[in-house]
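The two complexes that follow have chain A in common; it is paired with chain B in the first and with chain C in the second.
After this line comes the complex of A and B, so read on.
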């Protein structure tokens, strides 16, 4: 009977993880709509419930009530499999995240590799869904999405390697304890954070990297043929991904649950205050994601690939070389390196925009027919 | 470790999973479905590694086979297969070759099982630690490791050259 108890426990854990994915997605949707509305000087959804907080609950009931429809030409089995598969990553990542002091689902000693491994299910699900839809917009969207996610996985892993080298462990709990005393990795190695953060936005398929579903070009990308709750699964996964990815980022770069007042409130052996700090940091990052989406225009496909392969990956390689040299031979120069890193980072961000503008001007001069035609 | 205790119930679930997915690979009429079955089969093998208390192997299995190789295979199939093309079973003329292979494999497995030279769990490094693995890889086996990366680099450059040549025509 012990086995069945174990299976039951596993099932309960998975259900809680799914519930967290759904709830965080619903929260994020309202949060994003209200924040965008605030930034665009309009009201946004504010009718359903106090301040519109129940809007996405109502929306999800609407989606559940819709007909479970699949077009005639689709590959039915794969069409059904893709929305089921897309959630695996977001659910599975929660296993290794240290939510609060001494409270992790499973402290795997290879947590960082685990995160990279399980998030790859999303790429597969999107590819399968796009192909099964039997629609060229879906297929092109899926291929774009897969190419983008595969490309940006490389700089992301390059950044993760530096974190692993700095903690000399792949366990996320060790990553958090290596940042104790407010030596957060975002201060110590900002370039690594910069690379990781950009790559994670691209992994989430969010603006400015939302080409896979750029509405003006590809209808809705890989989700074109999906409707009702099957579309809802893709949609919810994307929004839940914001929270999950931010939780990973907070753990890796913002000291995890670290914050003042660690042991002030302990309920049933779980410290509550660190958890609150963890969620606050997570939602600051979610806010940053919304902000970036609104501020930066969408990239073109060629710019997208060039950005990953010509800027982020060389930068990531140089960063690994410099960081590991410091970690190995001159750990006392850590903060000097951090200062240098900040300077480099600010220089890159400052130079990037003028360089991009100059290149764009040159391109426009080279191909006048492309730009002067129909606007 | 996840599922650390090896138990017949878990094992039968995982074994059934791998078998069903494996049959799906050879019995599907659509190539993409076969590829997806293969992904599920790889996933089942990862579960089997996890059952054998080797989380590292399980995760590497997912990372490499599910995350990288399957994506490449599905990518390739999607770009070459036309859904409107002929759909028939593609392994139906191979029984002459397959039958002796299957018999030989069965005999081999039977011989190994009967001879009893199996490694028992816990005797050798069942859960190879990441540190031991990497220190072996970068000290004792550093030359083969570098050679493998050279081969991969050559393959990569070769692929680019081939793709480019087709582009020019």
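After this line comes the complex of A and C, so read on.
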């Protein structure tokens, strides 16, 4: 009997993961298009269904009917393997995410490392797809994407080390319970959150870090030769990734499902209200991702790499040492760390802008002017 | 807090589903493996999902290949040269640097878990460890390996 319960539990977890991938991708596409439209003072898609909410459902059916062909020169097997692999990360990460009080797919005792390991599937898939396409744009896009994701994975792991030190556990349920009483890690260690959040945007290939798909340079990057549903898989993963990465961020830094009214409605040992809180927090973060994408211009490749290796990684290394020292020796370490971390964050953000401006001014002074000196 | 090997195993197995192991009546190692069965089931589930969608698409989508359609896309002109050509070595440099820092993280994760029990001695060792790596990063920086020309 218990074996069947185990299998049933696994099946339900897989179905929930599938549902999250599909629903979040469809919702996010409309959400992003409507939010961008609102911010740019235009309408956006508003014809399909009430307020256009069925737009991406219609789009997905359209995509199903599109011709899905592979150019003659591609490596056919790898070309099909890439879209299959790209979804593994999106589905498999959800195994360890505690959606609500009393429900986790499987509470692995190495949850944090598992997340890092499984999200790397996307990098592999992009590299395989870009190489198999036998196209120059695809290859350059895939290499750029891999270099970017690999570079930003380092600061992300460095941030996760601080979270692991603060909870003394790698299990995500323990991370959530360590933040109980609204001592969310975003308040306790904002610098760590800052590093993690920027790295996660870069991992998603979004916002200011969307170089691998910069249309003006690389057509569609690694997806240039893809069409039909095989392209759809990359697209789906990208938009589902927004929600899934936000869920991970909420779990690690925003107290997970914590919120008032935990035990008001409990069905089969699973609380319902915390799930609502979890989704609200997740979509606040998804909104932030859309907002950042709209507000910040795309970086250059050299700026992108310099930001990871010359700012985030040294900062991450220093952050580990400072944070662990505080955890080890400070009484009431949460308060001490909060004070320290906020001061550091404000100092960095305050210094970064003037420094950047000065460097830009110097660069502009060096660059040969097109207009100066000509008649 | 001393932890012997069996305590570690039971900590690994007791979360979530130790039931399968209890039924089989075998040691805690089985429960540990049950955890990993879930992981492999989820990895497979991700692949199966895409295979199902692609199979569904295969049934309905049109196929009208033409030579022009099947040629490699290069802004509409005939492709020049081979696309599988060597690429810049700087990607390799970043891959190497990534490897170093990724392995570093693997060494640091166990330390963060036993942070309090290892105390000052452990902290000093980690300071030396990170210091060596920081010097390495500084070396790469001075050598220009972090610059993207």
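As a convention for this text, the second predicted complex is superposed on the first by the 349 of 375 C-alpha atoms of A that agree within 3 Å, B and C clash if a C-alpha of one lies under 4 Å from a C-alpha of the other, contacts with A are read in each partner's own complex, and residues count from 1 in each chain.
Just so we're on the same page, a residue touches a chain if its C-beta (ideal position, glycine included) is under 8 Å from a C-beta of that chain, and two chains touch if they have at least 3 such contacts.
This is a predicted model, so every value here is computed, not measured.
When both complexes are overlaid on chain A, the residue A:124 reaches chain B alone and has no touch with chain C. In the superposition on chain A, contact of A:170 is made with both chain B and chain C. By the touch criterion defined above, A:5 lies against chain C but remains apart from chain B after alignment on the C-alpha atoms of chain A. Once the two complexes are overlaid on the shared chain, A:100 sits clear of chain B and of chain C alike. The partner of chain A that touches more of its residues, comparing chain B with chain C, is C. Look at A:134: by the touch rule set out above, it reaches both chain B and chain C.
In the superposed model, A:108 makes contact with both chain B and chain C. Of the two partner chains placed by superposition, only chain C is touched by A:71; chain B is not. Residue overlap on chain A between the chain B contacts of one complex and the chain C contacts of the other covers 3, 106, 108-109, 113-114, 118, 121, 131, 134, 139, 143, 146, 150, 170.
On the side of chain B, the complex with chain A involves touching residues 2, 7, 9-10, 30, 32-33, 36, 39, 55-56, 59-60, 62-63, 66-68, 70-71, 74-75, 78-79, 83, 129-130. Of all the residues in chain A, the ones that touch chain C in their complex are 2-3, 5-6, 9-10, 13-14, 17-18, 21, 64-69, 71-73, 80, 83-92, 94-95, 104-109, 112-114, 118, 121, 131, 133-140, 143, 146-147, 150-151, 153-154, 157-158, 161-162, 164-165, 168-171, 173, 219, 224-225, 228-230, 232-233, 301-302, 304-306, 309-310, 313-314, 317, 320-321, 324-325, 327-328.
Chain C meets chain A in the complex at residues 11-12, 15-17, 19-20, 22-23, 34-35, 38-39, 41-43, 45-47, 49-51, 53-54, 56-57, 60-65, 69-75, 79, 83-84, 87, 91, 94-95, 97-98, 101-102, 105, 108-109, 112-113, 115-116, 119-120, 123, 126-127, 130, 133-134, 137, 141, 146-149. Listed in rising order, the residues of chain A touching chain B in the complex are 3, 75, 77-78, 81, 106, 108-110, 113-114, 116-118, 120-121, 123-124, 127-128, 131-132, 134, 139, 142-143, 146, 150, 170.
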